[in-house]
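Some structures to go through are shown next.
Here chain A shows up in two complexes: once beside chain B, once beside chain C.
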Partner chain A sequence: MRLGHRLLLGAALFLPPRLTPRRVRDSRHYRTIDQYRFIGWFLAAPLVVYLVFVVSPFVQAFFYSMTDWTGYTAEYTFTGTANYERMWNDDKFWEALRHSLLLLVFAPLITLSLGLFFAFMLNAGGRRRGGQAVAGVAGTRLYKIFYFFPQVLSIAIIAVIWARIYSPRSGVLNEGLSAVGLDSLRQNDWLGGRFAVWCILAVLCWSFVGFYVVLFSAAMSAIPHEIYEASLLDGATRPVTFFRITLPLSWGTVRTGWIYMGIQALDCFALVSIMVPEHGMDVLPSYLYDKAFRDGQAGYATAIGVALFAVTLLFAGLMMRLARRERIEL
Partner chain B sequence: MTSRPHGPHTPHPRYVGRRALLTRTAAASLLAVPALGALTSCASGGSGGGTKDVGRVEPTADNPLGAHPDGDLEVVIFDGGFGDQYALDAEKLYEQRFGSVTHVKTQEIQSRLQPRMVKGDPPDVVDNSGAEAMDIAALIRNDQVHDLTELLDAPSLDDPNVTVRETLQPGTVEMGQFGTQAVYRLNYAYHVYGQWYSRTALDRLDAEYPRTWDEMIAVCEKAKRAGMAGWTYAGMYPYYFNFTLYPFIAKIGGADVLRAIDNLEPNAWRHEAVRAAFEAYHELTARGFVLEGSSGLSHEESQDEWCAGRALFHPNGSWVENEAARNTPADFDMAVGPPTSLDTSDAMPFETIWAAPGEPFFVPADAANVAGGMEFLRIMLGRESARNFTSLVSSLTCVRDSVDGMDLPPGLTSANEVLAAAGENLITVRLPDWYRQLNNEEIGGAIAAMMAGDIEPGEAITRCQRAADAAAADDSLQHFEHI
Partner chain C sequence: MSRTRGDTRRTEGGVLNVFAHSFLVLWTVLAAGPLIWVLLAAFRPHADIVSDPFGLPGGLHWENFTNAWTTADIGRYTLNSLIILSGSLTGTMLLGAMAAYVIARYEFRGNRAVHLLFTGGLMFPVFLALVPLFFVLDNFGLLNTRQGLILVYIAYSLPFTVFFLVSFFRTLPGAVQEAAVLDGASHSRIFFQIMMPMARPGLISIGIFNFLGQWNQFVLPKVLNIGSPEDAVLPQGLAALMVQQRYEGDWGALYAGVSMAIIPVLVVYVTFQRQVQTGLTAGAVR
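Coming up: the complex of A and B.
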């Protein structure tokens, strides 16, 4: 292809079809160009917004992570990998990362397991009645509403409520433990001590289970009843039905939910900053916040942000790969 | 669920598949990044814009700093426990002699002001207080804070023969210094730290205020028999303990022990005085004199418990009277005492206390009206404004003797008496504002764990020393020393 022709083809991207030269329109590439022109111009506005407000801050972050910027002036010096070296030797960073990873592993596992279990019970776990092959337990619709409740509350309110529950003085948890005779399990300091990360994990799971119950319910109700009927005729028990039919057929939703929950677990900023006292545990985002806005070390905080970005990306990529399965056609 | 006849990678060759489109869009957006070069200077860009400098005029007797007579002023006040009425009143005094004042009150000092500091367009006076205060050390490092020495050496508002410096309470100038002679901020509200208690509760126990640790144990024992805890504290902010622990250490071993701690000297925490103080405090926990569950309380909750008479002592500062006013019983008779001495062989007398001003005001170096900003502070340091502040918010100020003859509430009266009794025996601790993370998280965390009964004093000291050593070795921190 000659250069002139190529240029013409390129120019056609910016020309309305009527003004496109005949020579181009007859080209065998024209069809592709026409499509890109159509899609490209349609997406131009959102793409610019995306570039300016999402991509460009990301790129800037990589740059600022290699400076000693305090966040208070327009001045900074380029320090290369100094921030990353410091991060490598920063025990507090590793501790925050350890907490974040712990939440990343357990929060999706617990939340999704509970979500799947409840959704299955609500959709196919009940006694059969009225000639239906599958049905949820009694009061399904009521349960759905109850499970969804925490999702309606703002995360700040959830954090405040749970901080009261964990309060060592007249908090529900300590009092409850006493009431059932487990005085030895009472803690003097739930949120400031070594149990903090598990306390946060419990709140995180509690606040998200309802959302996944509703999400998985929607996915499960899309599974045709004939399949359940057939499996029941073959004598499948409930666990078998769940693992052989329900789970595989809602796998796509589970995978998406897993990634979403993982990202929630990696964030966790609101819960930690509201519930945990300053001397207590940190997760990556709260550590980042301290460095940026309390200690005036925006450059180092940005480096932590880049690390968080890498962890998130790694997690998403890993999950997509691990959870890839053949799509089942219905 | 969608079905698709082919695998995802083999759409019709002529058509642009969804996946291909996404991949190519991503590639295109990456290519477009260099074109955004102009944008990459966004976050830190745009310095030096700034508003026009108001300039100065020739200084006169009643305008010693040479503030421009028509100079407008912008004052940003932290809208916390002190409110902002005191500032509004002082602004009226400013407006009588100079230009008009723009008054801004906010609780979000940092989010409101940081972008303006970056742009080089800051207000003229900033009350840099609250949870969202800006890191003054970082601002000083960047030369963004004006040195107030000329204000301190100017004649005071009320008496031209006395300089502003001479009207200030001890510790005020020191709290504005960061390792050099320059004074970058003026802390206005004067705090007296100590063991706060209710005289009524102490009388009911038929006890005297404990002057030695043996007496303290005896009082706590008495309280325990009466069904009352000896101490409570704000466990979520365990550095409240430092309000009495630091002066306690200084009393036992002398002020130099505390200076060594402030200066992050090696093995500063391993001093005998520190060990004695930690062991004494640990005894409170070990013998069950601390209100159960204090370790999870916020300062408001622990103060409520204290006001409700469930605990006798609360380590605190003189702002507590105003803060807890709502829940204080009418017959509480709030008072403060110096931290109890260990015994009579202590290096410093029983009257020794930690007293220092808080509520820092500074004038940004890039402010349009620097002289006007300092003149405003000079007005606030005048007797009229200081007394107004005390009567409005029931707190002492850094202006010496400004409360003479005023009718003060019991807690403040007591604080003033304790301050007078201390005389020269005042401790100023810089750790909380020089190394906030070290003080609040590390030392606070070690003390929290010790007071919750999780670790022994020896381990708490080891943790403090390790954290102090780490802070001393951390190049990302700016290090200061007492001068």
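Coming up: the complex of A and C.
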């Protein structure tokens, strides 16, 4: 092929089909060129946006975590592992990590258990009609509408509402405790003291239970009725049915859901940042935010980000491993 | 014999039914209670809320709503959110669908690498990128601008959108596409006029998912949109309103502001509840 012709074919990659010269369009390579041109043009915009705003910050983060950058000026020096050593001896970091891990363990456990329980009740808790092995309760759809609603609300709205509920004066929680005669349980500072992380945990679970009820309901309704009928003929009780049939057959969904909930629990920034008063309880993301945008320690903050990333990866890897089971084909 | 068996079965079902309903109702109260309480308290004067948090409104007091609307600018924040979303949601859907379609339906070198690059973003917490992202935007002069926020929303919605749509495009039949090629339709024409309409259910699901995700986004605007309070998006505005009312001590106005943010969502959700539920959960099942 002559060089000129080759250049022309190359140039066609940047021309819209309409403006491509006849000579190129008749070439036997044109189909390939046309296809690559399409692929290139379609991938270009998404890739550029993604590389500039997602990939490059992530890559930079690992670098900045090894500098003493303040974030206020463009100057920084390379300090190697100094930030990580500082982190190792930083009590506040460990406390934030402890809180994050606590949420990471308990939030999926509580939320998914409640989600499974309610979903099973919705799908198999009803009176049987006409010899059905299992039946859903009446009003399943209505229940789901109510349960799912917190999920569509902005996390900021949820945080504002719950901050008022936990409020020491005229908050619903304290007044409610008084109303039922449990004055001794009133707290002056639900969100400031040692209860703070549990209060956050409760809100986190509250807002996600409905999501899992809907998710698990869908998984459970995909289980064929014949299996339930067979187990019922064998005399299986409801709990047995749940643990031997329902749970194993929705295991894939449970595992994915567990990882998703864990990642939500590791975030939790909006709840903590809106609800908890300043200098109160910290989780990893809120500690990172304070270091970066309040204390001017951008380098150290990214090191905390790397730690958060490590925890996320460890958690996801661990879950994939622990929850690996034989896939049951229906 | 068979009758007794039938009877025990029925009683078991009945007991379980009562048991199930009582728990289900209990959680309904827990889930809806706080929201109903806020909606009711929005109609009560501040003094009443403090003296008796559980009381019912004595009448329809709209003052709280007018206060929240004028002093707290809820309308303005809603408008800001809508403007940002009109750009970011369109962009996310368009760019996400384009990338996903090419990855799902074309063979080319680096196909797997591009797919992995996009879906790999799912494993990275936003907080790791937060600090460098702030300076990336600063360098481009996009900090505290709507365009900047729109681009960032698009970029951070792409991993899941691409992940979801790739698997969706792969399930679509190839025969229609082949027929269109034989008829001489161009690649982009096949995409816009044949594949996009065919992919509508998937696009709606992921569209709802992205809409709610971007509408409720809190951390990105908190870091990247700090120029002037007037440009705040709705979640920022609500957080600011809470801080403000903490000092001014007008809980009625706070609840009215929160109610105004809840009610449109409530209406849209109840109208489209089936699509919203599948849209939000579909991604996790795949």
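As a convention for this text, the second predicted complex is superposed on the first by the 274 of 330 C-alpha atoms of A that agree within 3 Å, B and C clash if a C-alpha of one lies under 4 Å from a C-alpha of the other, contacts with A are read in each partner's own complex, and residues count from 1 in each chain.
Convention: a contact is a pair of C-beta atoms (placed from the backbone, for glycine too) under 8 Å apart; a residue touches a chain by one contact, two chains touch by 3 or more.
Please read these numbers as outputs of a predicted model, since none were measured by experiment.
Legend: residue contacts after superposition of the two complexes on their common chain; A:G193 is shown touching chain B, with no touch to chain C.
Of the two partner chains placed by superposition, only chain B is touched by A:E278; chain C is not.
In the superposition on chain A, contact is made by A:V214 with chain C only, not with chain B.
Applying the stated contact rule after C-alpha superposition, one finds that A:C205 touches neither chain B nor chain C.
In the superposition on chain A, A:G171 makes contact with both chain B and chain C.
Set side by side, chain B and chain C differ in how many residues of chain A they touch, and the one touching more is C. By the touch criterion stated above, A:M87 is placed in contact with neither chain B nor chain C.
Judged by the touch definition given at the top, the superposed model places A:S56 against both chain B and chain C. Once chain A of one complex is fitted onto chain A of the other, the partner contacts of A:V254 are absent, as it touches neither chain B nor chain C.
In the overlay built on the shared chain, the residue A:V160 is in contact with chain C alone; chain B does not reach it.
The contact surfaces that chain B and chain C form on chain A in the two complexes overlap at residues 35-36, 39, 43, 47, 50, 52, 55-57, 60, 64, 71, 169-171, 293.
Note for the complex: chain A touches chain C at residues 17, 34-36, 38-39, 42-43, 45-47, 49-50, 52-58, 60-61, 64, 71, 114, 117-118, 121-122, 125-128, 135, 137, 143-157, 159-165, 169-172, 175-176, 179, 206, 209-211, 214-215, 218-219, 238, 253, 256-257, 260, 263, 266-267, 269-270, 273-274, 284-285, 288-289, 292-293, 298, 301-302, 305-306, 308-309, 312-313, 316. Across the complex, chain B is touched by residues 31-32, 35-36, 39, 43, 47, 50-52, 55-57, 59-60, 63-64, 69-76, 86, 166-171, 174, 188-193, 222, 252, 277-280, 290, 293-297, 300, 327-330 of chain A. Interface residues of chain B facing chain A in the complex, by the touch rule stated above, are 1, 3-4, 14-16, 21, 25, 29, 32-33, 36, 39-40, 42-48, 110, 114, 117-120, 132, 134-135, 137-139, 141-142, 144, 235-238, 291-297, 301, 305, 436-437, 440-442, 444-445, 448-449, 452-454, 476-477. Within the complex, the chain C residues that touch chain A are 9-10, 12-14, 16-17, 19-21, 23-24, 27-28, 30-32, 34-35, 37-38, 49-51, 53-54, 95-96, 98-99, 101-102, 106, 108, 114, 117-118, 121, 123-136, 151-152, 154-156, 158-159, 162, 186-188, 191, 212, 215-216, 218-219, 222-223, 234-236, 238-239, 241-242, 251, 254-255, 258, 261-262, 265-266, 269-270, 273, 276-278, 280-281, 284-285.
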